[in-house]
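Listed below are the structures to be examined.
One chain, subunit A, appears in both complexes that follow, with subunit B as partner in the first and subunit C in the second.
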Partner chain A sequence: MRKIEVVQNILGANESIAVQNKQILDESGVFALNIMSSPGAGKTSLILQTIAGLKDRLRIGVIEGDVASTLDAEKVKNEAVAVVLITTRNMPESCSLTASMIATALKKLPLADMDLLLIENVGNLICPSEFVLGEHRRVVISSLPEGDDKPIKYPMIFADADAVVINKIDFLPYVEFDIAAFQEHVEGLNPRVKFFEVSCKTGAGMENWCAWVQKEVEASAYKSASLNISLGGRGIR
Partner chain B sequence: MGYSVLICYLPGMHEFEITQSILDITLNKAKEAQASRVTEINLVVGEWSSFAPECIEFYFDFLGKGTIAEEANLHFKSEPAQLHCRNCSAVFHPQNTQWVCPKCQSQILEIVGGRELYIATMEVE
Partner chain C sequence: MRKIEVVQNILGANESIAVQNKQILDESGVFALNIMSSPGAGKTSLILQTIAGLKDRLRIGVIEGDVASTLDAEKVKNEAVAVVLITTRNMPESCSLTASMIATALKKLPLADMDLLLIENVGNLICPSEFVLGEHRRVVISSLPEGDDKPIKYPMIFADADAVVINKIDFLPYVEFDIAAFQEHVEGLNPRVKFFEVSCKTGAGMENWCAWVQKEVEASAYKSASLNISLGGRGIR
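Entry: the complex of A and B
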């Protein structure tokens, strides 16, 4: 019997594919957002509104992650330059997109004709926080009807986010949602995060959001950001 | 009844891919060591990692079949969650879901431990 020191990160395989994805995106000059939220918070609506707001200025492609249906891809396909649908129903890890799924999807996208890639992750606040995809920025949507306690219940996804979009802001008169307390909780874990209050239904706040996306895309054209893998608490002790 | 096994069939479980990675790393290391059998695999899983040991074991039984690791025992060591206070630099284990620094009551905190997922050591013959 022999003991072997291994000390090897199990998520390393996913992370090395994510690094390759990011290199492919950088070489093609495509900036990628990984959009995450619980089901029904408004990922598809935000993507549609973002395309509507930016399609005159940016060429936008979409990767749709969905457990079973083609519903979201149908909604998006007439608006974007190109859409690739990944259905995770037949895959064992049906709760999140992974870097290898993105690697396959990137081969099917006309990257040379794109500036921005919007990746709609599977609706879930836990699993997507474990799998980096090679994205440039991580976006989490929280909607008012879900309640303001999500950063307390699911802190990891908020700790790693670059932007948090508070959607369905038009529900404010009807639901108990303390926006200041919500932001305080997220900022406590993540002081550099940017907040956007929007309603994808009414279009409120979309100008600010689209302006940020455009600014990030333009800034990345000059300097490529390093791979956004948060090591907070994930390093080997 | 094996309820922990049942959980693996529900959507929302991502241990399959992770277990495949565990097996790949194990078999690589065993090959490097010219081992004929892997007997023990010692894993470290952070308190805040979202991976469930029961599900990893379930998939390992399935994926490991026919390999030199098929009879390996998986051991899971939990690494406690740790927060670092950005105000007074204290490092502490949160007692409940209301995360507050016990020294200065600040809520400006950084997650510094508890999300680990790695193979520490293994035993081979």
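Entry: the complex of A and C
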């Protein structure tokens, strides 16, 4: 039981810091997505495509979570307003970003000059489901070559997702992947989830995805502006 | 520092149990492989192909580790001598099999009637690298659609592997994956590793892989028999 208690304490502390992160983001008018997937499912590619599709309309910053290496941060650094790299290798939780890692990264980001924060989590379908970061929306990418059984085998991460991006749809002729069955399994865990079928390689489906992200950012900004007006205008950008 | 201490205690306790697991396996003359990969890289398919290739020569049991679902255990149950399923979802470490989970599973397996134990770890490139189980060899599967940068981004699991199986080589025409560069990165972390290029779907490369497994089992049985003879014949099968 001792170990379970320790785990619960860690998760409880994480949640308190996540609430603070969300307050900081809200006060700065920055909308945050937590992007999660297996290794190699396309988190960095989705981030690059999202920036390409929205950089004329939104000021986008990125937090890159990686166990080791600066590879993904290098790919993104010339595209985003700002990029902060978090390397988890020697941290007590190396298998997921945590709220306290995000709290440190937020201090290094020019939040006043950003509208959208894309957080690339560590490649993992298990641990990231346990650690909220203070994000506004949780996005899971599932790629066709992984197989359509992932929601059955890793249910927790799909149960809490706001959006599921089905990536690498250009592989459809070469793999057995039943998109309808996949969606049905996810909806069984999580009926309100949004689906996007995309190929980050060919750009297919990116218009729908980017339109959703933009709409979410705008809805949040509108809500936050109304709230700020009712509070006497504090913090309106 | 408190959290780091707790993590170290957990890993220390895990290692002691792993040593006991290995003793139990050695006394029963069972050789164990710990098979690790990202979700969907082909652990279950490799296990099914290995059983198909070796079941006339070796008596094979399986431990199936999964966060949730009986899916993989169902696929394997009619092929192996025996299958034990471990579902990690509600355990303190849900992101990897641990030595204590294996200790419990070993009690349920007919070890006296087995030569080889295939352990399918949870789909994850991070946590399983931290938990030894008592296995004789550590196998990592990397599949082509994941990309050739995985050894750079998840170095720990590759650094400790005895064999790296490059799966889904039938995808070579459709993905950018530089096999030579991939191998070079792995060898930079781990010069003594063995590579196998396979397609669990087409069966390509399975002969080489099965030959290696068989050779390892036989070498271990020979070593253990010699040791037993020098100890007065105790435990020779």
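As a working rule, the second predicted complex is superposed on the first by the 213 of 237 C-alpha atoms of A that agree within 3 Å, B and C clash if a C-alpha of one lies under 4 Å from a C-alpha of the other, contacts with A are read in each partner's own complex, and residues count from 1 in each chain.
Here is the rule we use: a residue touches a chain if its C-beta (ideal position, glycine included) is under 8 Å from a C-beta of that chain, and two chains touch if they have at least 3 such contacts.
Because the structure is predicted, anything quoted here is derived from the model rather than measured.
*Asks:* One more residue to check, A:131. First (subunit B), second (subunit C), both or neither?
*Replies:* It touches subunit B, and subunit C stays clear.
*Asks:* For A:188, select first, second, both or neither according to whether it touches subunit B, subunit C, the two together, or no partner.
*Replies:* It touches subunit B, and subunit C stays clear.
*Asks:* Which of the two partners, first being subunit B and second being subunit C, lies in contact with A:155: first, second, both, or neither?
*Replies:* A:155 sits against subunit B and subunit C alike.
*Asks:* So, does A:12 touch the first partner subunit B, the second partner subunit C, both, or neither?
*Replies:* first
*Asks:* Taking the superposition on A as described, I'd like to know which of subunit B and subunit C A:38 touches: first, second, both or neither.
*Replies:* A:38 contacts subunit C only, not subunit B.
*Asks:* Go through the superposed model and pick first if A:98 touches only subunit B, second if only subunit C, both, or neither.
*Replies:* A:98: touches subunit B, not subunit C.
*Asks:* Now for A:174: first (subunit B), second (subunit C), both, or neither, which partner does it touch?
*Replies:* The second partner, subunit C, only.
*Asks:* Identify the residues of subunit A that lie in both the subunit B contact region and the subunit C contact region.
*Replies:* 3-4, 6-7, 10, 67, 92, 94-95, 124, 126-127, 130, 152-153, 155-156.
*Asks:* Over in the complex, which subunit B residues touch subunit A? Could you list them?
*Replies:* 11-18, 21-22, 24-26, 29-30, 33, 35, 39, 43-44, 46, 48-51, 59, 79, 81-82, 86, 97-99, 107-125
*Asks:* Enumerate the contact residues on subunit C facing subunit A in the complex.
*Replies:* The contact residues of subunit C facing subunit A are 3-4, 6-7, 10, 38-40, 66-69, 71-72, 89, 92, 94-95, 122-127, 130, 143, 145-147, 149-150, 152-156, 168, 171, 174.
*Asks:* So in the complex, which bits of subunit A are touching subunit B?
*Replies:* 1-14, 67, 92-96, 98, 124, 126-127, 129-131, 152-153, 155-156, 159, 184-185, 187-189, 191, 232-237
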